[in-house]
Amino acid sequence: MNDLIYGIELTITGLLIGSMYSMVALGFVLIFKASSVFNFAQGAMTLFAALTLVGLIPMVGFWVALLLTVGVMGGVAVFAERAIFRPLVGAEPLVIFVATLGLAFILEGSAQIFWGTQPHGLKLGLPVEPLMIGGVFVSMPDFISALAAAFFVILLVLFFHKTRIGLGLRAIADDHVAAQSMGIQLRKVWTIVWVLAGIVALAAGMLWGARIGVHFAMSLIALKALPVLIIGGIESIPGAIVAGLIVGVAEALGEGFIGPLVGGGVQDIMAYLVALLFLMFRPYGLFGEEMIERV
Amino acid sequence: MLMRRASIRFSPALATGVLAAGVLATASATLPTQTSIAAEGEIYHPMLVTRTGPFASAASGVSSGQQDYFALVNANGGIDGVKIKWEECEFGYKTPRALECYERFRGKWKIVYPNSTPVIFALSKRLTEDKVLGINLAGGRSESTDGTTFPYLSPVILNFWSQAASTIRYIAQQEGGEAKLKGRKIAFVHLDNAYGRQPFPIFDALAKKFGFEWKSWPLAWPALEQSAAWVDIARRFRADWAIQWNYGQSCNVPMTEMKKVGFPIEKFVGTLWCGSEEDVTPAGDLAKGYVSANYHGVGLDFPVIQEIIKKVHDQGKGNIDRKRVGTVAYNRGVLTGIIIVEAFRNAIKSAGMPLDGKKVRDGFRMIKLDKKRLKELGAEGLLPELVFSATYHGGIEPQLFQRWDGKTWTTISDWVPPYEDVVKSEIKRAAAEYKKQTKQ
Amino acid sequence: MRPGSTSADEEADSDAERSLDNAPAGEADAGESRDAISVRRHSEPPILRTEAISLSFGGVRALIDVGFDVLTGEILSIIGPNGAGKTSMANVISGLYRPTSGRIFFKGRDRTAFSPQAVAALGIARTFQNLALFRGLTVIENILVGRHLHMRSGLFAGGIHWGTARREELENRRRVEEIIEFLNLTEFRGRAADTLPYGLQKRVELGRSLAAEPGLLILDEPMAGMNRQEKEDMVRVVVDANVDLETTIILIEHDMSVVMDISDRVVVLDHGEKIAEGDAETVRQDETVIGAYLGQEA
Amino acid sequence: MALPDARTQLPQVLQRDMRYLPGSLDRLALFLLVGFFLLVPPFLGDYWLKGILVPMLILSIAALGLNVLTGYAGLISLGQAAFMAIGAFAGVIAYGRYGIPIPLTLLLAGLTAALVGAVVGTPSLRIKGLYLLVATLAAQFIIVWTIQRVPWIGAASMVTINTPPVFIGAWEIDTALEQYYFSLAVAAVLTLFAWNLTRSRVGRAWMAIRDHDVAARVMGISMLRYKLLAFMVSAFYGGIAGALVVFAWVGAANVQEYELELSIQLLGMIIIGGLGSILGSYLGAAFIALLPIAISIGMHNLYGIVGGEIVSAAVLANAEHVVFGVLIVLFLIFEPLGLAHIWRRFSSRFEFRLGSAVRT
């Protein structure tokens, strides 16, 4: 097989995976945008959501379970916002960062208390046979997952641009003080953002769960989002999407073409190397805004 | 942004709560720890366990399997009347916590089985000093098969090199003999760490010997995303066989990936560390037909397991969810329990109670689990024959191969032995290296 | 300001006080006491010369061909309406902004491309329009940071803290105490900077820049947001710094009466361009200035 | 502006300003603490030494280094564990392979880490806050990856690299007590160094950068020099801590112990302990490293009292995580400035009661 076709296949594979990285990164971006909190518990939330879903499916069927899980994640989000982050309003972002670590411990521990330590499969009944388009191989389930991720992202964008709450969110992201003076209730919006992040966690948990199963290591998927955040900028939704794709492609191509030169295993490092390149040339990410200080 | 000042009001109630919690925690830590003290004529046996974190799924089965076997021994009146009292120390597969656990029960250990290769490495120096045997079945330090260089370490069954060699022999058997391996391409998918690289010297030696080609695809932990590697294996390298050397939850990822790139699952063999129910269930139907290695029999069809069900679980004294009895991890625990109890038994017989680490080590070296003894124990077919000595701490044994049918594992092969010469020369080389490193 | 107890200080103080008490008519008095300096500065080359400085941010032109001299020992004020480019000019001089075109000479040498710390090393210090104190540090420590360039001890000396490093620390702390006395901050010397009221914080910031013993000091609206009493205190300190410490000062200020009182010369900026330059009286009478600035304000 | 009358009194005031601890309660506490660390351990069992105190001291050193970087210079890093890894491997290679004496080996381990730290620190010249956090995270991954991949280091094929018996001159450090005093000596030297440093010109330059970098620059403080210096000092401490893991605690270097999780824990330590506080580094290390153990033992005891039938061992083990998480959150809400601040508040209140308002 020639390298061109192989390269195209890897690029497609990378793009499809990349869309799933974007999903995970979105959870971080949402919360950071609205409240400047770097939510390290996003991975634990993903695990919690997915475990809840697969735990409920045998009891009540898929759709009811999905609905219930949305409810549970909403509850978790409201709890986190009320009990942990509201008392910490005004604290340094680093302090809140560590509080999210605490939240991660709580969520991981309780997920395993409620749902046990055993892993589960989550099969959404997607076709798995590969698709060949003109001699180029395309992974069917990845393609469908990517479509689902894209659909979800579009929903989010619509939410931000068309609904009143969404517009309020964007106003807050731009300027907390101004938004408050416009009568937007910060706290209400924060609660909504946490709920949204919980739902993003569930969506990511479903997509990844279908791919790798639902188990404890799922919380580690969040690590995949970190280079995405550097490249896209921590507070940019389009940034997270584009950067997710970039990371996906860089990983695939890096593994395919640079990997053989150094004995393979460069996939994860590629993501960070690309991120460092971006740091050199666009330190605040593709779409992030550099904070110009006035003196 | 970083240095914003906090303005939190002081809440006396909260403060009291926090301080109370802190005081409670520290106070309980300083109390004479661990309430249970072994009665006269009991064996007090502390255990390192992992019931939290990413590795809890299988590891909890191994711990509970041992405990169920101990419970069975106790139900049968103990080892010649001596009962086993075990105590857990949870370390969550984290090395520093395991070190703390080790110190907490120091002087009380009879035999240490962390079920974690990094932990056995971290403990090895202390174990030798304290004269307590550290075992890690089918893992740990591969060269500790050499009981002379490593008097207090043992892989017990199948060190990593035996596993690798036996897996190649299995592939040769499928191909119809070693001669057919010539020109074959084997893809090796493995975690990008020392564990994942253990088979390298064995594969190199065997590739030279039999003329097959092998290539490595290292994956960074946690290796939950492997698509690029599999596209490469199936589309560019076009492997004839693929072997995976993942661990924990990265084991099931290849199932989906293979299906996506159209690599036949019949040509795929997993390490025995990717051969438990927990490793495949997340992949659901995609794992149907997957073959992995194992070092023991699977299922409930062993007298000893039946006896456990009857005398332990049916009495409501089980240490694990009944549904998990008979799983790979559980059976691993039971056979580990058998080996430990044999070591205890030999130690009591030759050196008498109370036991200590050295006595149990000596008892371990006297273990002779031949066909007859295995039958007596009701464990025929559950584990291979094991005969240890002061120089041989186990490690060169045959593997079984098993296939997953979507619900259960079925053993599909006889015991497949490793290529002993290759494994032995690697043990010799590594033991010498260790001596050099520690300037012995 | 509570004067120090020496007779020399007394004299300088009373001069400064008089100049304020009789403002604006007292200007002549202040001028008299600065005669000596005045003579010298006209015979020396300018300490700072800016030539045709332009600065733009993504199409917005903040400064257009601005050039002026600062003479040794004088107080030069830069005035102008909001957005005239006063702070931009200060930022250019202190090296925070690199001018798009134009050149800057300090003591006759081109230093257009210098970084802020290189500029500081030349002996140019400044204060900021918005408070720029080190909030986690005490008053003493803030001012000690001003001594940074006068101290040598690095990593090892600092970590071992013995011998030379200790002596150096003690010596510089002594200098800081002098500034604290000078600025009448003794009462607050151990307090964390961010717990002080606004006016005091401004004074600490001035102290920090004075501690650097600068040849040229840029004060960016040092009296903004102050009440009358605070302003008077500050004016006194500025004049003292100019006279007693022989510091050349560029003063950016909004308050016209203050500017007219103490400035030797005034530069007027409007929309990024220099529209007038000269002594206070000339500028006050300038038609363009009245149109652009005074007219608006009044 | 000569002020002769003040000058006669000044040195005394200045000497007092330069004291390590202004408060008498602080001094008493330090005296007791030092006394405890010096005199009590011989009477504690090996469990306390090897299981609790030695790891705590080592983690405190690493946390202290990170606190210099984050608490004083205001630069966040999630790469401290990687510097520990560098120190561990530099140490085991220098001592084990080349037989360099232990004190020099420690220095070398620190310097190697510091050198890498300087490289890792370069992005800090352009970015800060969470962007820097994520950039150092990249360093964490790349360093650990490199250690696992370069055959010369040895971690590529061996799970751990063991150290030969540890000798300083003719003194073999092999008992728990010796290992403890060895760690204590290193920790004491490094703590004193950091304490001095943070109160010196360099430390003030760092804090100036932290509080207002623009103002710091116009005061003549070089961002390049001081930011990189902060990274180097921080990495140096991490490197020495890593080497101590090998020589005083575990006896082997294993790269898997220095994953991201440890970096996160170290960051958690300094925040819970108190940013910009030497004491806080120690308190935080104790909190994060020891509290889970205390909870575990505490719950185990409780479980022993309540009886085994009610909760399974798995539930209990996971409940420890929940309790730990809740305690982290509660402490942060209660005292966002860190544990050290609780002490500071207590001691200043005490001083106030004493009426020692002499402090100006």
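As written, the chain order gives the labels A, B, C and D, with residue 1 at the start of each chain.
By our rule, a residue touches a chain if its C-beta (ideal position, glycine included) is under 8 Å from a C-beta of that chain, and two chains touch if they have at least 3 such contacts.
Since this is a predicted model, take the numbers as computed values, not measurements.
Chain D has the Cα centre that lies closest to the mean of all protein Cα atoms in view.
Ranked by how far their CA centres sit from the centre of chain C, the chains are topped by B. Rounded to whole angstrom, the centroid-to-centroid distance between chain B and chain D, based on C-alpha atoms, equals 35 Å.
Per-chain CA centroids place chain C at a distance of 42 Å from chain D. With centres taken as mean Cα positions, chain C sits 51 Å from chain A.
Between chain A and chain B, the centres computed from C-alpha atoms are 34 Å apart. For chain D, residues that reach two or more other chains under the stated contact definition are 76, 129, 145, 149, 210-211, 214-215, 314, 318, 320-321, 327, 333, 336.
Of all residues in chain A, those touching 2 or more other chains are 87-88, 91-95, 109, 112, 117, 263, 265, 268-269, 295, listed in ascending order. Residue positions 1-3, 5-6, 8, 51-52, 56, 60, 192, 220 of chain B are each in touch with at least two other chains. On the chain A side of its complex with chain D, the touching residues are 32, 38, 40, 83-84, 87-88, 91-95, 97-99, 101-110, 112-113, 116-117, 223, 226-227, 229-230, 234, 262-263, 265, 268-269, 272-273, 275-276, 279-280, 283-285, 288, 293, 295. Chain D contributes residues 70, 76, 123, 126-127, 129-131, 133-135, 137-138, 141-142, 145, 149, 214-215, 260, 264, 267-268, 271-272, 275, 314-315, 318-322, 324-329, 332-333, 336 to its touches with chain A in the complex. For chain C in complex with chain D, the touching residues are 4-6, 8-9, 94-96, 115-117, 119-121, 125-126, 128, 132-137, 140-141, 144-146, 148-149, 151, 153-155, 157-161, 165-166, 169-170, 173-174, 177-179, 181-182, 186-187, 189-190, 208-209, 212, 244-245. Against chain B, in their complex, chain A makes its touches with residues 1, 6, 9-10, 13-14, 17, 36, 87-88, 90-95, 109, 112, 117-123, 128-130, 137, 139-142, 208, 211-218, 220-221, 224, 251-252, 254-256, 259, 263-265, 267-269, 291.
Of all residues in chain B, only 1-3, 6, 8, 11, 14-15, 17-18, 21-22, 24-29, 31, 33-36, 49, 51-52, 56, 60, 88, 90, 92, 95-97, 99-100, 102-104, 106, 117-118, 121-122, 124-126, 129, 141, 192-195, 197, 200, 220, 319, 434, 437-439 touch chain D in the complex they form.
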